[in-house]
C-alpha cells in the first residue's frame, strides 16, 4: 500500500507547528497526531498545499499542531467549511478533523451531505464516545446506559454506528482505525488521501480522562487477536491468533464463525471496490460495539465523480459554450435599448 | 394487517379541518391526505390526542388540513419539535410530515437523531425529489444531472437513498409506500402508528408541477408489475405479473433474478423483524433509483426501548429513590447553616 | 392593421399610466407585463414595474389565492416607483377583479374578460352576485371584453385544440393594451417568434390572439380614445431593464472580475432570495461556482472556507436564513476574512409573509451575533443600485477583510427599472493583494508570517491563502493574540482585539452624506433601502406643493457616514419612514441622541408615495404651525 | 491540637480576608477552596467565592495553562463581590505563582510550597531564575513552606505510596490556612470522612495532612500572628452556599412546582452553561425531563414542542448557542408559547474565551432574530438572584405566553455566595390555566376555539394543549389571522399582529425602578446583571469617601421599567458600567435620548470594585468641578 515512488521533500518535524500541544497527558489524540506527522512526508504533498479544517472539541484542536494551513472553525461546521474550501481550491489537500460530538451530533448533517456529494475532503472522526472538551457528557456514540454528567441515571440514546451512518450516506470511502496502532493509522490515512473523493475514517480514540478504556475490549494487546478483524481487500475475512475465526454472509447479515466449521469459500471475501455498499454495511454492523469482534481497515473504496472537479468541468464547459467572462456582454444579456 | 378490534368513533370527515387545501391541482399530496384521513378512524385515536408536526415546504402544509392539533414549524426542525412534544407527552399520537428538502437537507440531522433515539414519532417523508415550495430546485434526493433552476447544467450531487439513511441511523421501523396506492399507504401508515418507537416512512410523491412523473417508472399501472416489489413479512421476495422475478442475497448484496433460474429457497425470505439491519439495508439499496425494481412495504420493524417511556421510567425510578418533589429539601441539599 | 390606429379615435397624450395585469397564475400575466414593459422601454419611457406573485405555488384555478399580478408604470418623466395605485386594471377573471379592485385608482379603467365571469368562477372568487352588473364597478370606467371567446375564434383556424386556445388570451390582452397605448406591434411579434421558436402552432395562435386584441381596440366601439405616453428625458445611453435580484447577482459576478478573483456562492434556496442563486448558477463561464448547500449554516460556512481559499465569497438568503447564519458570521468576524452576505428581507417574524417585503432585519444584521461581532452593513436603494451595492460590499469586504451584510428586500428583488448601463472601463478596481512574504521576524531574526499583523491604515490583516509557500498559519474562533494569531487568553489582548475589530469596522471609508432636495429645509427625511423611490417621489410632491424638504438616504448603515449626526442636527425635525418598527431610528437615536421620528409601516406592502407624502406633510404642517 | 491555637501568637481581629488558592489542575484547589468556604459560612461570615478554571481540559502538569485557582472572600460585614485583589495567595507551584502573583494585593501574604520550586517546574512556568530568592517577591510577605515534604512525612505512616502521598498536600494547605484564620477543625475532619467514605487510606492520609498543616502554623515560627474574622451581621435564618448556575437550575425546577407543570429542558452542552443541564438532570424526581439534543437548534425546537404539549419548557446555552437558536425563537415568538431561554454569557466573538464572562449578548437577546420578534429579557444580579430570576422569567413566559431570555454570565455561573433560603410557602404561585372551553362562535352560532383570541389585559392567547377535546387547532410561523390563527396574508392583519406582539411584550408587568444609595445625588450608576456586586461595593466606597451616588440596577431589560426614563432624567450624569461596548447604554439612549455614558471593559475579567470606583469617581469629580 505504500507508494514508494515519492521521494519525501519534508521530514515529520517539518509538519509540527510551533504551538505547544495541549491535550491531556495520555490522550489518544497524541498518537494520531504523531501518525499524521509521520505520514505526511511520504504523501508527496507540501505543508503549504495542505489544510486541516476542524470544528470544536479536543480533537478539533488538531490543526493548531500541524505546520500547514488550518482553520479551527466552529462546532459541527468543519465539513461545510471544508466543502467550500475544496470547491474553491480543488488543488489543495484538505483534511477535516473532529470528534464524535462535533461531526455526529451538531455536525451530523454537514458530514453526511459532504459524503454524499463526494467532495475531496479527508474526514477523520476521532471517536472517543464522549464529549471531551465540555468535560464529559455522553455523545452520539456513547453506549446506552452510560452514566455521565448529563445522564446521571444512564443515557437513553441508542448510539450511532459511524460507519453505518457514513455508508447510509453514500460515502465512497469508509474506513476505521485506532489510536493504538500507528502503522495501521498511517496506512489508513494514506488510503484516504489517495482516494479521489470524500473519505471517511473513524479513529477509535481513547479519552483517558472522561472515558478511559472505551476501546480496550478490542484495542488492548491481549484482546486484539480475539476481537480485531483486519480487513484486507481480496482476502477472505478471518481473524484470531491462528485465523481460527472468520466472517460469513447469512442472508445479508455478517456473522462470526469458527473457520473450522465452514469451508473457506463460505467465508466472505473482502471486496472494498463493490459498488453496492450493502456488504460494507453488513461488515460495519458486525459488531454492536467495541466490545465484540470488530473489523478495522478499509470497508469501502469506490470511484465516483468527485464534486469539486465536476464543478470545474462545468465551468470549463460553460466557458466553451458561452465564452469567457465578458462584463459588457453580461450587462446586455437581457436586451437593451438606447435613449 | 387491519386491526378489526377497534370500533371507529370518528369518520374520515371528522379528521378534515375547515381549511381549504391549497396544493397545486394534481399534486400527489392530495392522495396522501386522503389516505391519512381515511385511515385515522380505524386507529382508535381521537383528533384531540393526535398532533401533526411539520417543517416548511409543500408537504409541510399537511397539518393545516387535519382536524387535529398541529404545529407548522420551521424548515427542517419538525423532528426536533416533535421529539420535545413526544417526550413531554408520551400519551399523544405524534406524526411528523415533511418533504425531502425539509427532512433530508436542512433537517437531515434532526431526522437521524430522532430515529436513533427511537422516540415515538411517526415520520412521513414525502419524497418528490424536488423543492416544491421554493419552485423547483434540486433536492438531496434528485438524481445526478438533474437540470433545475439552481442546477442549469445538471446537479452534481449524488442523491441520498432515504431508506439507507434511515437504516444507517438505526431506525427501528423503516417503510416505503407511494401516492398512487391508497390502500398500501393506509396499511403502511397503520404499521407506523402501531410501532412502539420512531417510524420512518418514505412516500414517493409526485410533484406534477416541478418534477412530474419522477416515480412513473415504478408506480404507473403498466410499470408496477415489472418494477414494484411488494415486501411481505415471512414471504420469499418475488414480484412480476406471475411472480417471475425474485430477489436473492449475493454476498451481502441484493440482486434481482428470474425465479425460473433459482430454487425457491435461494430467494430471500423477507424478515422485517431481524435485529441486524443489514438485510433491510441491502433491500433498500436494491434499486439505484425509482426506475428499476424497487421494494415497497415495511423493510424493518424491530422492537427497541422507546425513548419517551424510557425517560418516564427514569423519572419514576428517581422518585422512588429520591422521593417526590420537595422544594424545601432541594434548597437544603447542598448543606445549610444558620445565622 | 398598422402601427397607427385607423378608426378616427382621438389620440390623447398623457404623461404616465400605471397598468396592472391580473389573472390566474396560469394566465401568463407576468409574461404579458414583461413584454409590455419591454416595448415601452424601447419607446423611451421611464418605467418601473412590480410583480405580485401568489403565496401558494399553484392555488386552485380561479381562486383569490391563485391571483398573479404585474404592475407597470410608464411615464414621460423621471419616476422612482411603480406607482401607488394603478389607473388601469386588466382583470382576466373574477378572482383577479376581487383581489385587485381595491388597488385601482378612483375612476380608473377596468378591462374585464367577461367570459370568465360565470357562476363557477364568481363563486370561487367569493362573489355573491356578478360585479359586472350589480353596481360594484360604478366608480370606475369598465370595458367589458369577451376575451376568451374572441381569442378562441381568432386561433381556431390554426388548429389549436379548444382547451388550449384560451391559453393565448393573455396575448389578446397585450394586443388590446398595446393598441390603447399606441405601442408598436412588431417587437411583440418578434418576441413571440423568438420565445416559442420551434412551436409553430403556438406562435400562430399567440400571434393571432395578439392581433385580435389590437384590432379589437381599433374596431370595437367601446373605447373613447387611445393614448400616447411620450419618451421620458432619460440620460442618453444604453439601457436595460433589471430587477433587484438580477442586478445583485450580476454585481456579485462583476465584483469577481473587478477583484480578479474567482467567485463562490454558497446558498440555500429561500424566497425571495432564490433567484440570486439561480442567476449566478447561469454564470459559470465567469468562473462563478455556486453551491446549493444543505442549509443556510453550511452555505455560510462554505463561503468562509472559500474565502480562506482565496475566493470572493458570497452567501445569499432571507431573514430566517440570516438568523441561522449568525454563529458562522461571528466566526467570519473573528477570522477576519472577506465575504459578502446578501439578505433579501421578507415579512416576519418566523416564516411570516415570505413573498412580501420588510426592512426589519437591520437590527439583526447589526447585532444578530453573540458578543461584540461588528461588521459593515450596506443597503441598495433601487433595483439598479443593487448592482453597485454588490460591488461596494465586495470592495469593503476585500479591503478590510471582513464579512459585509447587504440588506435588500423582496420589493427591490422583484421590481425593475431601466438601468443606464455603466461604462465597464469605469468600474472600480477592487482587487487586493494576497500576502506572499514574511511580514515579521522572530527572536532569532528569522522571517515569520504574522497573520494578524494589521495594515496601519485599514487595520486589515494580511490574506495569505493556502498554496503560498512559507506562510502556513492557522486561524480560529478562539481569541487570538494580536499579530501572531496564536490562541491567547490574556485579558489585555482580548480587550485589544475587541477594540481593534470594532475600530476596523468603524474606520471603513464611507462617503459623506448627500442631502437631496432642499438642504436648508426644516425637515429632513432619513431613509435607507427600498423606500428611496417612495421618499424621493414624496419629496418631489411636497416640493410641488410648496414645502421645503430635504432627503438623506443611507446606503451605508454600518458604519454610518461620519458627518451624519452633524447633518441631521441641522434640521428641526428628522423623520424616518421604515418598513419596520423603527430600527434605523433607534440606531441613529442611540448614536447621536437625535430625536429621529419613526414613520412606520409593516404590512408587507411597500410604502406608497402617497403614504410618505401625507405622513411627512403632517409633520411639516406641525412645524409650520409651531 | 485543639480548636484554639496554643503557641502564644497574637490573635488579630480583622474585618475581612481574601484568599486565593492556586495550584495545578490536579492539586485539588477547588475542593480546598470549597471546604474553606463551608467552614467560614458555618462561622457566620459573609462570603463570596470565585473559581478560575484553566481553559484546557488538562494542560500539562506544572504549566501556566494548567493553573486552577479559587478565590474566597470572608468578612464580618456585608459583601457583594469576591474581592478585587486577594490579600493571601497560596501557590502550590511556580506556575501558580507566576499566573497569579499579579493579582495579589500590594504587601499581601504569599504562602508557597517551596518543594515545588525545582528547576523543572520553574522552567515549565517560564521562570528564568527562582522567584523565591531573586527579589521577585520583595513587595510581599512570603511564607515559604515545604508542603510536599511535610505532607509526605505526615502520611507516610498510613502506608500511602510516595507517589500518592503528595496528593494530600491540598489538605495540608487547608489545615495551615484554617489555623491562620482560626477556623474550627472538626467540620473538615467530618468532611474528609464523608467525602472519601470507604477509602480508609485516603481518609487517613488527608486527615494527617490536614492536621500537619494546622500544626505547622501553630508550631513553625514563621507566622507573626493569626487572625479572626468575626461573623457578619447577616439576616438571621438558614443559609446555603450556591453558585449562579445551581441557583438558576433550582429556580427552573422550582418554577415548575410553582406553576404545577412538568419541567422540560432541551439543551446542548456548552461552557459555561453545561452545569445547568447537569444539575437539572439530577432532579428527575421533580418530574424534570432533560433532553441532551443533537445541537442548540434542536434543543430550542424540542422546548417549543414541549411547550406546545403543556410543559414549562427551558433551553440553556451560551452565546454561540443562542446565535443558533434565533430562527427557532422567532418561531416561538410567532407561536406565542411560553418558554425560557437561559443564556450564560461568555467571551466572544465566535468561540472567544469560553471560560470567561462577558455581558455582550444583550443586543443579540433583543434583536438576534429576523424581522420584529420582540421578547422579554431579564438578568440576575447575583448568584442567589439566579434562583429568583428563573422564577420571574417563568412567570412572565407563562402569563404572557412568550419566550423569555435570561442573561446570566460565566461570572455569576461559577461564583457563589451565602443565600438566605426563602420561605417555600412565600414563593409566588405562577400557575396559569390551560384553555379547556370554546371561546368563540362561528357564523352558525356554534362554539369554536380561537387560538389567537387574546386576554384583553395581558394580550396573551389561550394555551390549549393537545389532549383537550374539541380545542384542536394548528399553529405555525406563517402570519396568522388575529383570533382564528388561520394563515393570513392580509396587509392590515399583518400590521395588527406585528403591533399586538410588540404591545404584549411592552405590556409585561415590570416593577418600577428601585434607586439604591443617594436618590438625590448628581450621578446615577445604571447597571444590569453581574456587575451588581462591583457597582454596589463601589457605590459604598464612594459614599465612604464623601460622594453622593445613586445606583439603579435593572433586572428587567425588556421591557424596561416604565419609570426608567423619568428616574434617569433626574440625574446630571448617568454612567453605565458594562462588560461590553455599551449595549445597555445604546438601548437606553435610543429609547429615552438620555446621554448614558459607557464605562466599558471587555477583557474576560469581571469589573473589580476598584475599577468601578475610580471610573465613577473621575466622573463625580468632573461634575463637582463643573
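Think of it as A, B, C and D in the order they're written, each chain with its own count starting at 1.
The criterion applied here is as follows: a residue touches a chain if its C-beta (ideal position, glycine included) is under 8 Å from a C-beta of that chain, and two chains touch if they have at least 3 such contacts.
Predicted model, so just to flag it, every value in this text is computed and none were measured.
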item	value
Pair sharing more residue contacts (C-beta pairs) when A-D is set against B-D	B-D
From chain B, the most remote chain by mean C-alpha position	D
Where chain A and chain D are represented by their mean Cα positions, the distance between them in whole Å	40
Chain A and chain C: spacing of chain centres that average the CA atoms, whole Å	44
Length of the line joining the C-alpha centres of chain A and chain B, rounded to whole Å	29
Numbers and ranges of chain A residues touching at least 2 other chains	56, 72, 74, 105-106, 108-109, 113, 140, 153, 157, 311, 314, 317-318
Where chain C touches two or more other chains, by residue	284, 294-295, 297, 320, 327, 331, 335, 350-351, 476-478
Interfacial residue positions of chain C with respect to chain B in the complex	56-61, 63, 65, 268-271, 274, 277-278, 281-282, 284, 290, 292, 294-296, 320, 350-351
Sites on chain D touched by chain B in the complex	38, 41-42, 44, 231, 234-242, 246, 250, 253-254, 257, 262, 264, 266, 283-289, 291, 293-295, 297-298, 301-311, 313, 327-328, 331, 335, 420-422, 424, 427, 465-478, 486-487
Parts of chain C lying in touch with chain D, wherever the complex brings them together	55, 297, 318-320, 322-324, 326-327, 330-331, 333-335, 345, 347-354, 356, 358, 360-361, 363-364, 366-373, 476-479, 489, 491-492, 494-495, 498, 501-502, 580-581, 585-587, 589-591, 593-595, 601-605
For the chain A and chain D complex, residues of the former touching the latter	20, 22-25, 56, 58, 72, 74-76, 105-106, 108, 131-135, 137-138, 140, 149-153, 157, 209
Chain B to chain A touching residues, read off their complex	105-109, 112-113, 116-118, 140, 144, 153-154, 156-161, 164-170, 249, 251-254, 268-269, 271, 274, 276-279, 281-283, 285, 304-305, 307, 310-311, 314, 317-318
